[in-house]
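Once you scroll down, you'll see the structures, which are given as structure tokens.
Two complexes come next, and they have one chain in common, subunit A, joined by subunit B in the first and subunit C in the second.
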Partner chain A sequence: MSVLTGKELRIVGFLCNWCSYGGADTAGVGRFVQPTDLRIIRVPCSGRIDPLFIVKALLNGADGVLVSGCHPRDCHYSQGNFYARRRLEVLKHFLPVLGIDPARFEYTWVSASEAQRWQKVVSSFTERIHKLGPASRLENTALPDGLEKRFAAIASGELPSDGKAATRLEELKDRIHEFLPDLDIVIGWQRGFDALHNTPLFMRSAEDLEKLVWGPLNIHNTATYLPSLRGKKVGVVVKGCDSRSVVELLQEKLVDRENIVVFGMPCSGIVDLSKIDRALRERGTGIGRVQAAECGEKGVTIKAGGQEYRFAMEEVAADKCFHCEYPNAVLADHLIGNASPSSSNGKISRQLAAFDAMSLQERMAYWRSQMDRCIRCHACRNACPLCVCKDHCIAQSRDPHWISQEDTITEKLMFQVVHAVHTAGRCTECGECERACPMDIPILAMKRQMNRAIRELFEYKAGTDPEAVPPLLAFQAEEKNIHEGVL
Partner chain B sequence: MTGAKFLSKEKLLDWLAELGQTRRVFMPVEEGGKIVFRPCTNGDTPALVRDASASPKGVVFPSSAELFRYTKTKARGGKSSMELKPGTEFEPALIFGTRPCGARGFTIFDRVYTGGKFNDPYYRAARENTLIVTLACEGPENTCFCNWVGSGPDDPTGSDVLATPVEGGFVLESVSERGEALLESPLLQPAEARTAEADSVKSRARAELPPARDISAAPQSIRALFDNQKFWDEVSSKCLSCGACTYLCPTCYCFTITDEDHGDSGKRLRSWDNCMSYQFSLEASGHNPRPTKAHRLRNRVGHKFSYYPQLHEGLLACCGCGRCIRSCPVSMDIREIVLDAIDRVQAKNCEVVHE
Partner chain C sequence: MRIGVFVCHCGSNIEGTVDTAAVARAALGFPEVALATDAMYTCSEPGQDAIVQAIREKGLSGIVVASCSPRMHENTFRRAVERAGLNRYMFEMANIREHVSWIGKDREANTNKATELVRMAVEKLRRNTPLFSNKFDVTKRVLVIGGGVAGIQAALDCAEGGKEVVLVERESSIGGKMAKLDKTFPTVDCSSCILGPKMVDVAQHPNIKLLACTELKSVGGYVGNFQVELRKKATYVDWTKCTGCGQCMEKCPSKKSEDRFNERIGVTTAINIPFPQAIPKKAVIDPASCRHFLKGKCGVCAKVCPTGAIDYEMKEEVLTEQVGAIIAATGYDVFDISKIGEYGAGRYPDVITSLQYERLLSASGPTGGHIKRPSDGAEPKTIVFVQCVGSRDKSLGRPYCSGFCCMYTAKQAILTRDHIPDSQVFVFYMDIRAPGKLYDEFTRRAMEEYGARYIRGRVAMVYPQGSKYIVRGADTLLGTNVEIEADLVVLAAGAEAAAGAPALAEKLRISYDPYGFFVESHPKLRPVETNTAGVYLAGSCQGPKDIPSSVAQGSAAAAKVLALFSKDKLESDPQISRVDIKRCVGCGKCILTCPYGAIKKIDFRGEPKAEVVATVCQGCGICTSTCPQGAAQLAHFTDDQILAEVNALCRF
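Right, the complex of A and B next:
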């Protein structure tokens, strides 16, 4: 119909071979009049549909994507559509963070005999897309003025606290000293190339132990190294957030409980070096010129260019530390004291709040401006404790060819979507992806949005219970918070 | 030879605009707290207070460059033919505001792409059509070690013009013949007494750099440790094996070639590759001669401080800019690895002598 009344739009349909594809066929055989905008791709089951198919289509020029499978409880493979329902619903909640209208994507159920229903589904979805008009393309969006400023808002709130932080290190060293002989390696932190840069430390002897340091400069997630050390006896010193990654790894059987000894340190927040750099630049110097630094629970004192600067922890703490609910290790063999968590009033992060305040168009423009400087180094992926495919990541695979070598913004953004989708329901928001980015691209926002969806839909928080089943590896025949069937 | 010229701060943008009439001008600009090289557009001010986060190499050697396009056509009877179209031609460019280390990086490229028996037409076209106006450094950052590799805060190697910041502007000195032509602009005035000020800025910057460590033993030390897996395992423990160091490095010149198909047409691309990635050395058979990050880090450090100097009269494939240290997510320090290698070999040699 639309082809008769106006310009055709590009709509991609993924249809299950066992039901909707047959339904569409039945509709055709029955001469039901249908719009011609839909390009159908036949798949063996709605469970085969990777949410990335949909994003790839939408980022590369589709104006709408329709998925149609068998009715719940009617799957040819008995459960495929149950899993699909969860994934697709999560994706619908995720799309807005990219600046894509979630109405451009829909999933529905049509059986092989429901020709009339298929006609209704395809007509109403096509009509919907025509109302929305052609989708705006990432490359063509222009950044409105002042958008950067909206992100300049400073995170605020309460930080966790640990009154005894100063004496913790000796206690920790004693404990590690005791267990080191039975372990191949213990992972902690040591001072790096200057007073503000600590670096991960791999302790193999008592001599190494002397290098161990503790404080807000221990910004790295030590759990990242665990999967690559599988088979060795490894001790790992963790902050609260790091311990959630350990839990997640255990949950997914990516590390073995019997080979890991967890030393849990109470954390009172870590610094964000980018914030310190920004603050120093405003004062006419920079993080590269720091001569000395004193860093404690209350803040940082920095000597640079002969001047002394003092910053309160609230000014330089990492955003994730505000409203931190888990300053203590969720799982530990040795808990070195207890920090008091900050009051978390269910506040959303500064970053998400800034996104929520933007229009879809602005969000897309924002990503365009940010992803432009991505150098595709994959530091985000390699620093991620849950990206365990690393050497075999689909981002570098030629077959299937998910991401090309063209350095377009679309390709770069697509990789970030891959990361967010592959860690959906697993990500503990440790923030390593964003921290590791040498270009300071705010990619954690995507994972935050994903986690918000997971929380709302499945009342689940990753990395808190080693026995829990991640929500995208499970389903319920009747989903409490999913209400599909709008078409 | 024309004497040094003075460019006042107020006239900087005018001068860049004037240069922009004949070529694309790239300069460092701030984006999201980082500094990257971007085409100079009206209204932008260059970020010159510190070295750029990204290196200037992308101007001459883009992260992804189209070599040619192709279209396949199938004729009747099963015969198919291929039509080729050349990729985009390099338009003359000028890089303003790189630091001496960034400019020196290109000389490491030159030896590989145009210096020896191989001549890379794409690189040559880009390099020959790019002028470089370098900004001398006023003081070092903690990650700077240009003096270790035989360079310095006012090293003119690889530049066409060297600009030294002085009160109210810059003193410009030509380094090459092409640079001399740039100094003929009417916007510039003779530097006269300001040359002395520029000299003192330079010598102050040189004095501010901590003394260089002697790494002349690096090539043979690293070679001696080639089979010492334990050493490389240890120094690579904390490495994440990402590509931040290589992609930001002004001297890393490795690339990969891929065909990106879109139906019956496509393009052949040359893009940056990264020796810290597993795929870099993965062979079609599935065998990988550098299966772990220890092997890959050995290659990265070895290439810069041992294999390259062996082939190029001792010249290190490192310009000492410190980007790999500054931007490493886990603060790996390549200086430390090189010194460690030298120490390790020296200690071992001492042991042998004692025995």
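Right, the complex of A and C next:
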């Protein structure tokens, strides 16, 4: 059983019980003739509609999804549609990132008495979907030649820098030394198994402090470990981006301000080890063969397979560092040295711009090719400082059963969308998800797009104010930047 | 699970455009469906019996009925499955009438769509679980907000029904708009003569606690158990001592206080009892005009008061009351006529509202019942009434009809002739709306017996000429312009929602329409209930109403309260949210977004967790769509249930 081939398309409707479902009933009672494509799912309130239901439908075969609720101020539950409006508007901005035409999704308001309006809504939305035709299916898209290359290695631009990074390590050590007796633990970085891979360092004593290092190889986000150390007195050394995660964790009350001491270090950018690996591979070697490495603010010098390679910082810096807006800690008890100048120039990053230049079809194909590599290790989630659901992630749950164990691209992509939606208005773009991905899938791009939507709609940036209420957990009766109701 | 599917013909309503037998056949192929059949009228007694019988004989554990809207018959069928021993929530409906058979004639498409809706219902039912209500106690006291005629009626009926009533009134006396009226249509009987005794009854009823000069501060709790905070304003007169003798008013030297009771026609004393029949008949000092408060010395009232009731140091108080139900009867406001510049209200003293005119007609009014022009006190001979001022006017954002203006204008036309026999009355009207009992006869009397000249048309402008006013308008029946030289112009100002209505609605957690009137649960079938359980509506706060309708709604609201209080225990709706404590990480996002404050933070073995207060939760599901780890799940609309429906549609 499916839609009547050639006659109907698959259109799913989510209607609130009190207004719009009633309106659809009233339209039926009044014999207002409507197209037959729409199938209606009844929910108590538009506020009950998780945007992920809509993504689920669109990724699994729906050609269009229509949501309808009570008119603003008229909600049976007084506020549900206000929350819905924000979340659904964000989704509308986000769908094109996945290569889904946002016109395939619409939300509107129909009251229980507006039979005629309901008829008009159904008719015009159905007509719109028929004009768009059947939706492209993720599994069937093919990647046009050269697209991947076009997207890779496009990040460039200004890096934050003040040229004094080297002298700061001693200053930082002195400061930590001063406070270490009052703290259970201080989180920083140390040299890892080779010269390139620095790893987090948990300092309890003066001997531990000697292992502390500072430089562009301090990639890990130190804030990630804070929630698991709750209850202890913890010091944490942060880069600008790490500090935003601290702010976010404070805002969500997952760490206690009185129990953490933040040491802010001005950052001049970190390296992306994947880029180094790619560059080394192009030269016939690889990151696994590195014997020695020297890394400063200007760049990296690597000895591998007996040869020396030099990369300028611009070649190997992480994408997020170009045009960095927050090289300094936004929250710190102790700021070390002078602040790095921000390299942000208000422009959107080239990565986003390149993504914008792709057609919807290309974007879907792009994600298809990228997500094909996903091995569902969930390292992205585990590295994310804001994935606080820990063992209860809905990606691995039967109840609720959002994602099945089927090895399909749809399910893999669905997980990334879950991550992006759950971190919408919370993600600080620290890039840990992408850094942790063993398959080098550029998943940060998805979150940056989401953040852009949040910024445009609500003029909000996550991780800058511990007292702020994130936009998706709030609403305004009159939304400045949302103009819904085109149907 | 063994599922039974019943596909209803609804006579020819469904069968006419849906092949119900084919739908039933297809349903047999759906998972766990043990029986599928079509039936003529499933909701009829034999139809329901067939379901009951099938459950018993075939050992069914869940039922799908494909018929009309669940908003129509969900409860009918839930009771049926309950009769057969199943839990009422082991039931789903597929709406194949309003959403299928009635909106298109393509039998093939309809049959196909109906089959899919049945599949959806089956897939949801497979994930349903039995749900059980909780029982809780009821506080059998009711709060009535507003002491106009609707509130008075509601309070008296509840009190007569043996329940305790707390009646709060913002002003210093109950009576509302009706107390300001001179006479009432269509009987032309004296308003205070019929309202007065009721007001006295309120004062004397042992079950009624009357709190005047009091406003609602906040409401907590839920049906059966509301905690209400009331703000009792400072009156500067100790009402336990005040006897209402009025000596203070006679001696008060400050006579420039705004006379709100007389609709600001004239002024009154700073210490005041608004009208002779006031209940409670107690004095109140207006600190905005009292010399003691303005200049720091005077104290005349304190000297003359025989009981020593004056207390200049009095402070506002906050009272707390426990009630089980709330009736909102907060009435309406009169449209501000100065918003229509071309009629000159506000600039020309002799352009007044009907309610002001009513005070001029009243023997207890500022003119002692003699009609006098506010400007010079002269008796007007030509009076022009203009209807629909601030009603039925989209340009003013007032597209609705205020309903009672046609009638009171006719009444005032009659009374004018009674007061001034040689006067001439003109009425500009759009349509005459007089649908009540004896109403149309009444307007006819105004025209035929009392010689009021009705002119069908709008007034374009009013401007002064000498001591008179020229009213320029159109007579659309004759197709001419009309100019009338009037001594007094009375504008039938429409009703609008009371100024604080939206704020009150938010405290009560009820909805209000774009104009600020409170929204009833169903416009026809639940006219006094709201969507918040335990909160009821009476009178014009729900929409403009005349006295008979307000009284009827007051009684209706009281009947609902008495029915609610007839039970010792109430049952909660089990379709509420629950938090799985194992999954909850205590992030508090649900607490932040719940519109009812129904989720609280608890400490569970030293970890913060969220917990739903079952009696407060209304089942909206915002928490469920907010909780990232799916710990908060709205029963009967869980993620899995909705996902099952999505998958039933998209993955086949």
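Heads up, the rule we're going with is that the second predicted complex is superposed on the first by the 476 of 487 C-alpha atoms of A that agree within 3 Å, B and C clash if a C-alpha of one lies under 4 Å from a C-alpha of the other, contacts with A are read in each partner's own complex, and residues count from 1 in each chain.
Rule of thumb we're sticking to: a contact is a pair of C-beta atoms (placed from the backbone, for glycine too) under 8 Å apart; a residue touches a chain by one contact, two chains touch by 3 or more.
Fair warning: this is a prediction, and the values are worked out from it, not measured in the lab.
Participant: Which partner does A:Ala142 contact after superposing on A: first (subunit B), second (subunit C), both, neither?
Facilitator: So A:Ala142 meets neither subunit B nor subunit C here.
Participant: Once the two complexes are aligned on chain A, which partner has more residues of subunit A within touching range, subunit B or subunit C?
Facilitator: After superposing on chain A, more of subunit A is contacted by C.
Participant: Going by the contact rule set out at the top, does A:Glu252 touch subunit B (first), subunit C (second), both, or neither?
Facilitator: In the superposition, A:Glu252 contacts subunit C only.
Participant: If you stack the two complexes on chain A, which partner ends up touching A:Phe32: first (subunit B), second (subunit C), both, or neither?
Facilitator: Only subunit C; A:Phe32 stays clear of subunit B.
Participant: For A:Gln79, decide between first (touching subunit B), second (touching subunit C), both and neither.
Facilitator: Only subunit C is touched by A:Gln79; subunit B is not.
Participant: If you stack the two complexes on chain A, which partner ends up touching A:Lys390: first (subunit B), second (subunit C), both, or neither?
Facilitator: So A:Lys390 meets both subunit B and subunit C here.
Participant: Between subunit B and subunit C, whom does A:Ala477 touch in the aligned arrangement: first, second, both, or neither?
Facilitator: A:Ala477 sits against neither subunit B nor subunit C.
Participant: So in the superposed three-chain picture, is A:Arg87 touching just subunit B, just subunit C, both, or none of them (first/second/both/neither)?
Facilitator: second
Participant: I'd like to check the shared interface: which positions of subunit A are touched by both subunit B and subunit C across the two complexes?
Facilitator: Touching subunit B and subunit C on subunit A: residues 390, 392.
Participant: Report the residues of subunit A in contact with subunit B in the complex, numbered from low to high.
Facilitator: Subunit A reaches subunit B through residues 148, 185, 192-194, 197-202, 220, 224-225, 274, 277-278, 281, 286, 288-290, 369-370, 372-373, 375-379, 381-383, 390-392, 396, 398, 404-407, 432, 435-436, 438-442.
Participant: Which bits of subunit A are touching subunit C when the two form their complex?
Facilitator: 1-4, 7-8, 10, 12, 17-18, 21-22, 24-25, 27-29, 31-36, 39-45, 47-51, 53, 56-57, 60-62, 73-80, 83, 87, 113, 252-254, 388-390, 392-394, 397, 399-402, 422, 469, 473-474
Participant: Which bits of subunit B are touching subunit A when the two form their complex?
Facilitator: Residues 31-34, 36, 49-50, 53-54, 62-64, 139, 141-144, 234, 237-238, 240-244, 246-248, 256, 258, 260, 269, 271, 274, 277-279, 325-333, 335-336.
Participant: Using the touch definition from the top, list the residues of subunit C that touch subunit A in their complex.
Facilitator: 26, 69-72, 95, 97-100, 102-106, 108-110, 112-113, 115-117, 119-120, 506, 509-514, 519, 523, 531, 575, 582-583, 585, 587-589, 592-593, 595-596, 608, 618-622, 624-626, 628-631, 633-634, 637-640, 642-643, 645-647, 649-652
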